[in-house]
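Every chain is named by a letter (A, B, C and D) in the order it is written, and numbering of its residues begins at 1.
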Amino acid sequence: MNKLGTVNSDIGVGIIGAGLQGGRRAPVLKQFPGNKLVMTADIRVEIAQQLAEIAGGVATKRWEDIIENPDIDVVMVCTPPNLHVIMSVAAMNHGKHVLCEKPLAQTTKEAEEMISAARRNKVTLKCGFNHRHHPGIKKAKEWFDSGTIGEIDFVRCVYGIGGRPGYEKEWRANPNIVSGGQLMEQGIHAIDLFRWFLGDFSEITGFTSTLYWDIDPLEDNAFALFRTAKGQVASLHSSLTQWKNVFNLEIFGHEGYIIVDGLGGGYGTEKATLGKKAFFEPFKDETTEFRGGDDSWSEEWKEFLSAIREKREPLGNGFDGLEAIRLTNAVYQSSSTGSTVKL
Amino acid sequence: MNKLGTVNSDIGVGIIGAGLQGGRRAPVLKQFPGNKLVMTADIRVEIAQQLAEIAGGVATKRWEDIIENPDIDVVMVCTPPNLHVIMSVAAMNHGKHVLCEKPLAQTTKEAEEMISAARRNKVTLKCGFNHRHHPGIKKAKEWFDSGTIGEIDFVRCVYGIGGRPGYEKEWRANPNIVSGGQLMEQGIHAIDLFRWFLGDFSEITGFTSTLYWDIDPLEDNAFALFRTAKGQVASLHSSLTQWKNVFNLEIFGHEGYIIVDGLGGGYGTEKATLGKKAFFEPFKDETTEFRGGDDSWSEEWKEFLSAIREKREPLGNGFDGLEAIRLTNAVYQSSSTGSTVKL
Amino acid sequence: MNKLGTVNSDIGVGIIGAGLQGGRRAPVLKQFPGNKLVMTADIRVEIAQQLAEIAGGVATKRWEDIIENPDIDVVMVCTPPNLHVIMSVAAMNHGKHVLCEKPLAQTTKEAEEMISAARRNKVTLKCGFNHRHHPGIKKAKEWFDSGTIGEIDFVRCVYGIGGRPGYEKEWRANPNIVSGGQLMEQGIHAIDLFRWFLGDFSEITGFTSTLYWDIDPLEDNAFALFRTAKGQVASLHSSLTQWKNVFNLEIFGHEGYIIVDGLGGGYGTEKATLGKKAFFEPFKDETTEFRGGDDSWSEEWKEFLSAIREKREPLGNGFDGLEAIRLTNAVYQSSSTGSTVKL
Amino acid sequence: MNKLGTVNSDIGVGIIGAGLQGGRRAPVLKQFPGNKLVMTADIRVEIAQQLAEIAGGVATKRWEDIIENPDIDVVMVCTPPNLHVIMSVAAMNHGKHVLCEKPLAQTTKEAEEMISAARRNKVTLKCGFNHRHHPGIKKAKEWFDSGTIGEIDFVRCVYGIGGRPGYEKEWRANPNIVSGGQLMEQGIHAIDLFRWFLGDFSEITGFTSTLYWDIDPLEDNAFALFRTAKGQVASLHSSLTQWKNVFNLEIFGHEGYIIVDGLGGGYGTEKATLGKKAFFEPFKDETTEFRGGDDSWSEEWKEFLSAIREKREPLGNGFDGLEAIRLTNAVYQSSSTGSTVKL
């Protein structure tokens, strides 16, 4: 991988899975001169072909073709979660770097296998936590890291969509393919962000429910509370019955607060707001609006290539992927057992 | 009490406690011709005098003067919670109707005593849950009752303020006077509203924390989850470190959602929003803004007088006051024991 | 008037006109220890009595009683515009300081008489332009004066209400009592603010219309454009058919912009926003919310008392009152003649 | 043109001008199966080639190649305004239908020539007023046409951007190429919408100014007022010094109001709001958010193809293009002469 001199170096990319996520990630490559989509694989070969027409390279029905292709340096695994471990490990065993969609795997054990494969093969493994690269969230992290709001008191996040008719027939609703419902599918982004801002958690409680969508035993709503050893609480509601899309992340500290609202597109204009505590003044805060399109995918890709080049762990690495699964599972366990889970 | 022919009948009112809440409730009487503030009691007799000058009647240092005054038909108990039971029961034993501030008492046992006293003396006891009378919340209840959003999937509420310097020295921070922190003091309004919309809960979990204000063992933040037997979840965050005041109540059902944001004044313009689920349309909702002042106090008073006259239970009665304390205590218990509390 | 040592000095106040404006201004006096409402006059003596009960002093039917009362140092003239000149001049001739409602008079000639009377009698005359004392507008002026947005390019203001049934029968709709419609009645506040920010104007054009309310020859809508000698334009829409109350003032300069939205109460929470020009950054601005009640009346009163004490012209003095009428009349002239009016 | 059976029929398209507008319009064709981009012309042939690579067809330096190409049925003229008349007329003389960017021409005389050419050659001429096809504006028109707000009292529009460094060197700032500043370039969309909602105007007044950008004699700000024979006023501010992009169109009628805010992308989420007059109720309105991308270009294209097929005038036809220029010129004339222009 010496040829990865810069993010614009000549590198060959393979994509396994030409569905929604593959279709989002493939066009990003055109923004990086030298990056080349060599091959796209999907068992539904016709959608692999469509993607190849738009984004370049050839299509194949067999994902193994990508693993074995010597022109491919980096593989994006964009398949359902049950396939992540086998495809990612195979790719890493062939010396490829891997960007794998979230959730990183179906189980923590699988995620650990993936991390081992990366270490063993000295390649880079990244989990597709693109939210860390959203402009409002990056801004929030910068503000926080610079000490603007002081020590965190609590974090709140509501992240929800309304699904679409037939959702119960999608693979996302098939417990053989996925290992969790809306929390594992989408809420896991927020859990990763909680860890990014607060570090490790020691106690988890929560309730899940399945009232609208016919997807039991998977949940359509999850309410989860995470507490650090210091006592800071992060609260998440992940919903598939939020009829108007929402992403709202709020971080309150001793000296002020940061709010990220929206993710662009269907979630509304992305905005980052900073307010400082001021007991004797009228409420005041500043807001930055990110009205353009969603560039988190290209920012994430840039970070991944940089990490490979610099031989360092990327933002949102395999361990982050593992921990997010562990925390998600703890919510499920707490909801079903009626006990707070201690980690 | 036959003279209570209408809400504007000649009735004599006594107020015990001339602090913040007494000061809010007293001026309301002027809107009801015939209602007369006869006496205000406070051990700090000078503030009782101030209130009397503004709102009428005489001042006293002894609350017993109010209990014993034959010209007084109705007593408002606006003292700290540790005094509620003794004052309210004494007033009811003297045949007075009582509107007592929230939390109704320090313990469920005390609340039960108060309910018994009301029954025994055939008088009306009301708990000061004025939020049921806020225009946005009333509108929300009407929409919900008319079936607009169908069966509830979940309810969310964030209710928070930022406190003020010296808060740790106020009686609200004194565990001898109060029996809980921010959740018991303010969040209890939301708990009462949860019960109003969802009825009984069967499981409660939550985390409390005390990180900013020096008020341990009382909490400055409480995160609570309530689940009905059907599986519906209500989520509450009650905060004393919310640097910009917020009240936000969201009720999502199978067919749509209702949002109440703001309470006027320091919480911003009160707005009620109704949206219907529509998978194939752009997001759409309607909003009513209540830009005027807060009339919840007079609406609550009117309801109380009507209930007395009609010899029926008022909205937010003694039992509601009792149950809100029980649920609040369950959150405290869950947070400290690490177990979901089953009711 | 030597006794006016501070704004809290013992001074006697008389109010002529106990209607809407008198009712707003009278209660303010209680915030200034030493200020005393001595007498309120209204030909509808019963409303003068009502105001006296609430705010103190005695009531009279004859406004001359106030002029002649030696205990009164300051007179507020809160009557319809056709009475301003006679009452104000009489009061000043008796040595009283006068705060007179806007519009200062029915004509510029009358306004000039009032200014002369003030000079001749060495008393202070103030026009009731309370908007200069709204917290958002004061904040805007501070930002502007500190150079934050640089030289002004343009100013925009929309100020409107929806009237109320029967408006056409109010004195505001009677051309014998008033000398203009919505622009003269309410829009004149914005014109005064335009002058405050931009100074003198040299050209005025505009259109008025009367389409909804049966108040012809008075206008229910006025669109007015004012241009300074430098070419800066201020645009105003003053409306009586704006079904949802709005006040929005926007000041754009070479380096940024200031927006004041809302006036509290029926106009929604008052907010002041500051944004800086930044070609290569996402849009960003800071906002201060003034969620409390409207304190412009007390701030205006404080300024008036300070000006009297300091023997200086107050903010919004007689000349400002005169000029605002002149500019308003120029709009009317332009609309009817089809020519830009040059001043 | 018999082959234009449906909007998805096989038709050949040529684009003259591969700059900003050509780049926006070309990709739309892919949404219409059968529509084929045959050729793109630009004197900067390299950008024509770039567009051809993305959108299909071949590139040429000579616009005449498009006019003369028998495979091309429809021509989009996306060049600066000074070239519109010669290119459009030539295309129509060769039997092509023409969609020409706004402003339709540099002068009303040129616009009339273009209309004549369309009639003479029995082809369809459309002016690129894509705003009529924005979802919020379409919704506004539907609401209005259904009588929801009754007869119009007034219309307001603010439409502004902040320009970009070097603007004074762009062709948009070259008076040899354009015939007006910001009003002619962008504000003309609002003028077209005014005509769509209100029909003909009889009087126009306004002020233009050039204070920030070094583009004199072109204006960077224009304030224009248009009055119908009935007395309805439409007010427009078109700005190149609006540091935060804004598009806000408000239509107020006897019974209610419609507001369109935002155009998506850099103008923020597009929203359409409908409120009804209600004197005795709190303010209430309903809002639809169009969070997706801007589909006005494809909707406009569909309308154009439908009009060709149905042999009818399209929405935003040549006459609309002509009238918008006439009204724009009237604003310029009023500002410079100091007289209201009567049409």
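What we mean here is this: contacts are C-beta pairs under 8 Å (C-beta built on N, C-alpha and C of every residue); 3 or more make two chains touch, one makes a residue touch a chain.
Please read all numbers here as calculations on a predicted model, not as lab measurements.
The chains that touch both chain B and chain C are A, D. When the interfaces C-D and B-D are ranked by how many C-beta pairs touch across them, C-D comes first. If you average the CA atoms of chain C and of chain D, the two centres end up 41 Å from each other.
Centres computed as Cα averages put chain B at a distance of 56 Å from chain D.
Of all residues in chain A, those that touch two or more other chains are 245, 283, 285, 289, 291-292. Residues of chain D touching chain A in their complex: 245, 265-269, 289, 291-292.
Taken together, the chain A residues at the contact with chain C in this complex read 135, 281-292. Interface residues of chain C, counted against chain D in their complex, comprise 151, 153-154, 156, 158, 162-165, 203, 205-207, 209-212, 220-221, 223, 225, 227, 230-233, 235, 237, 239, 241-245, 252, 254, 256-257, 275-279, 283, 285, 334, 338-340, 342.
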